[in-house]
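Labels run A, B, C, D and E following the written order; every chain starts at residue 1.
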Amino acid sequence: MDIATIIGIVGGLALIITAIIMESPLSAFFNVPGLAVVVGGTVMATLIMQRLPVVLGAMKVAMNAFFDKAEQHGKIIEQIIELSQQSRQGGMLALENVQIENHYLARGVRMAVDGIETHEIVNTLRIESDSLVKRHETGHKIFKFMGATAPAMGMIGTLIGLVQMLQSLSDPAAIGPAMAVALLTTFYGAVLAFLIFNPIAEKLEDRTKHEEALLEIVIHGVEGISKGLNQSVLEDKLVAFLSPGKRKKD
Amino acid sequence: MDIATIIGIVGGLALIITAIIMESPLSAFFNVPGLAVVVGGTVMATLIMQRLPVVLGAMKVAMNAFFDKAEQHGKIIEQIIELSQQSRQGGMLALENVQIENHYLARGVRMAVDGIETHEIVNTLRIESDSLVKRHETGHKIFKFMGATAPAMGMIGTLIGLVQMLQSLSDPAAIGPAMAVALLTTFYGAVLAFLIFNPIAEKLEDRTKHEEALLEIVIHGVEGISKGLNQSVLEDKLVAFLSPGKRKKD
Amino acid sequence: MDIATIIGIVGGLALIITAIIMESPLSAFFNVPGLAVVVGGTVMATLIMQRLPVVLGAMKVAMNAFFDKAEQHGKIIEQIIELSQQSRQGGMLALENVQIENHYLARGVRMAVDGIETHEIVNTLRIESDSLVKRHETGHKIFKFMGATAPAMGMIGTLIGLVQMLQSLSDPAAIGPAMAVALLTTFYGAVLAFLIFNPIAEKLEDRTKHEEALLEIVIHGVEGISKGLNQSVLEDKLVAFLSPGKRKKD
Amino acid sequence: MDIATIIGIVGGLALIITAIIMESPLSAFFNVPGLAVVVGGTVMATLIMQRLPVVLGAMKVAMNAFFDKAEQHGKIIEQIIELSQQSRQGGMLALENVQIENHYLARGVRMAVDGIETHEIVNTLRIESDSLVKRHETGHKIFKFMGATAPAMGMIGTLIGLVQMLQSLSDPAAIGPAMAVALLTTFYGAVLAFLIFNPIAEKLEDRTKHEEALLEIVIHGVEGISKGLNQSVLEDKLVAFLSPGKRKKD
Amino acid sequence: MDIATIIGIVGGLALIITAIIMESPLSAFFNVPGLAVVVGGTVMATLIMQRLPVVLGAMKVAMNAFFDKAEQHGKIIEQIIELSQQSRQGGMLALENVQIENHYLARGVRMAVDGIETHEIVNTLRIESDSLVKRHETGHKIFKFMGATAPAMGMIGTLIGLVQMLQSLSDPAAIGPAMAVALLTTFYGAVLAFLIFNPIAEKLEDRTKHEEALLEIVIHGVEGISKGLNQSVLEDKLVAFLSPGKRKKD
């Protein structure tokens, strides 16, 4: 798992909690109805926006993004080069029983072994790529939506508190604490949005780009294998996907 | 119908109402002129923005989005595979009397049976897809516009209340309640926008993507049938539209 | 003319005025210098942004959008089908003296009659479409700019009022009314932007899409006529532009 | 020069100054440290964002946009038609010594005279067009950046003033004037952004579109000349770039 | 190094510090817990958003953007023209031992020398270009994210301070200073975002465009060399990438 994510969430909350307890008890920032309005309101708005299984699916994808190790682009390039070598030496059938971990690469190689035309293989893999991007986008949009909705729910909570406070100004001593409680929902909304939802939304978007680039490598690789492209040309092409620092030789 | 939507709207309002009645009577948050400014102002701005029949049509589309069951991508793929089998066994005419529920698939198959060239069929279905997306976009934009306008109308209402309050500061005891009433329109605008209009706008956008993907499947499927594409190649291609978890065998 | 537009503008202003006069005289919301800053400032900024004739042209286009009746997509499709029938029966020259109302359709048919190659006709009509979209976009952007500038000018006016009020706090009784006046420009800016400029900008954008779709129909239609496309194929294609509810037979 | 621009800037400032001096001396709105923070801060941020020569270049481009007369699309079309006539009568070499004012048209014609293939000429002019758009975009982005930065610098100035005022609340009489001064930077930032930077950014963007359209005309024109396209077809095509009101005959 | 960047950062901070010390000691604007919340919170959110090595890589890229001298487009064009001359005189093998500084140009020329087909070379260089743009975009997005997060963290800090102040209003004399401290985090967030993160994000985006344009020149150049394009045509094409002022002869 990506250790930085844990450091980020835990560290961010620790910083805020430390800033609070330096001046006041933490309990002063804890308000159950306020939390219910912000968290509950955000969840409810999300349920309107998207069907429940999709929301749960997005949560699972987000979890995967944190716990699954991202496949390295370098490794898959090595494997493609190797497959290309085997197929040029032993013909396409030499690839029939090769064990390939990456689902998309396995799929493309199987199609090539089956003798399907190169452009149909490429079309199929491109559909895979487009539909993977769309599936991931759904999850990314859910978190972005939550990041936009949480501060709004915070503002709604604060407005409720302000209206109630203003309607009963009889006791001046109560104004301050009442307003403090009212502001708490804005605080909750901001923390949720800017420390949790927005960074996760960005992470998912970045992860999608990573997977899309991986599939792009697979598409170019399978196309090269299927067409029997000269190996050094294929290698030149695939290596171009890597940042200069990650290239072994060039 | 999508049960989560009802839970979302009812639950969201229940949360806000509960938060209110814990501290004050609900009636304190009910202000008819304020509601009229926010709801009425949003409706009026929407009437300027779009012709009445289009607005009503968008409402109907939104209703459909909530009540109609979305067609499953998996099912239509199965049907296309079946149609492909029939046409390869009995020729294109074998499809003449097949009952097809999906409007676009039926249309494409009829054109194939009529012997129209594949690329003209694909062109026609692509026009269908583009014009469906544009029609849906209109509805989506109306709700997005209302989601942006409602908070603005809330602010306009609050400004009216503030100006009136500030012009007659003679009675200090009246300031609080007057300001409370003024803030109510901002509250109405925020609830309408963030709990109703924005989530619905997002839902419509998502629904459009769902239908667009369905049409993309239909286009690839009809193209395959019309060209007499090898069945396993067609299946490989169409299955690529599904998320890995929804694929039967692969 | 589109009656909803008048209802929208008149109704929206009526709602706001009613909300005002329920609590205070309307004159309390009327401030000439404030109006001058907001309206004048917005006009001046628009003059910097765009040359005068273009601004006036955009106003005229906006007027047209309100008063001209939008051409129906269904009608033009019927006419294209009819022209296609005539040309297939009597040759292209049969179209020489047909009266065609739509400027772009007339142009395309004339080019087809003149024997110009199909792809050059399509290119020319596509240039027409692109340049119509760009011309309309100019108008649309002017109103969008005004919708963004008016609230800013309102804020500038309010800042002027606040600074003046704060500099002479000697008479506490004058603070309230002075601040009320200061807030009026923010009020003007919000009403102008959200009830007038933004809805009109959206309407113009929608109108542009309507005309673009019309031209797309014309392009496909003229292409079909010029190529002598089979009539039922042409009809299938053009009908795909209509929403299912507006199709006569299918 | 475009007289409306001067009217806009001078008139906008005059309006604001008039609104000020109706109630207070203009000097009350003049604060040197505040101006330094807003103007200086915006300039400094711009220097970080872009290299100095590029910023200065953008200023020059902006000046040009105000003082240079925009070339008329109609005129260049006439000239292209004329060149086309000459080349069809006297061969391409007849264009060798024709004086052509527009740089891009001259370049394309010279290439055609040199016998370079049409598609290479079109490629070259398209590179010219793309790189002109990119150069202009740089300037446009600088002004947009300044329009976003100026209000932020205004807010920073106000925050400085507010913090200083709040730290020494001992003299209540000083609060008002101190806060007035603090608000001045927000005022400066808003005026700079909404009356100067944003309208200029929009003007530059519009100007870029104008030049891009001009180059599009040149590209189609040179392509027609080089291919020896039928003159009436070329004229039909080029005239499509003009708005209907500006076409002489059609 | 680009001297303007140092002037910008140092000058911007100097301006703000000067504005502060004119009225109060600088220490009044120094608050360690506040700084920790804003800087620490922004760093933590960034760690959630992106893996640590990528963040560090982005910092390195940003440093390079400031310290590396951007390669001049003019120079590389000259070198390409020269290579083209050599290859037309001595055949492609004449380029075998030429020393080429630019990594991408060297790569393309080596592929041309190796006799790889032009379209494969172009494909490979285009992959290089796309993947360079994506790598740079990652860095650019990190700074943009920090520019959006810093003000939010500032607001969170201010909310903490406000809630604490409001909960203990017993001592009126403490309100002002407490609120001043609360506002400091908003101040920190605004300075970090608008004087540091946002300008750097824009600079990185601009730098990416610069490199992308350079690679576009290299692609067109290598294509020309590999195809043995006429030299004056190649020169015409490449010179089109330069702004008119930077062209030697034309």
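The rule is simple: contacts are C-beta pairs under 8 Å (C-beta built on N, C-alpha and C of every residue); 3 or more make two chains touch, one makes a residue touch a chain.
No experiment lies behind these values; they were computed from the predicted model shown.
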Response to the item:
Distance in whole angstrom between the CA centres of subunit B and subunit D is 38
Worksheet entry | For subunit B paired with subunit C, centre-to-centre distance based on mean C-alpha positions, whole Å | 24
Discussion item. Give the residues of subunit B touching no fewer than two other chains, as numbers and ranges.
Written reply: none
Worksheet item: Looking only at which chains touch which, which shape fits best: line, ring, star, complete or other?
Response: ring
Discussion item. Which chains make up the ring, listed in order from subunit A with subunit B immediately after it?
Written reply: A, B, C, D, E
Response to the item:
As the complex stands, subunit B meets subunit C at residues 33-34, 36-37, 40-41, 44-52, 55, 103, 107, 111, 114, 116, 120, 123-125, 127-128, 131, 134-135, 138, 141, 145, 148-149, 152-153, 155-157, 159-160, 162-169
Worksheet item: Which subunit E residues qualify as touching subunit D in the complex?
Response: 2-5, 7-9, 11-12, 15-16, 18-20, 22-24, 28-29, 173, 175-177, 179-180, 183-184, 186-187, 190-191, 193-196, 198-200, 202-203, 206, 209, 213, 220, 230, 232-233, 236-237, 240-244, 250
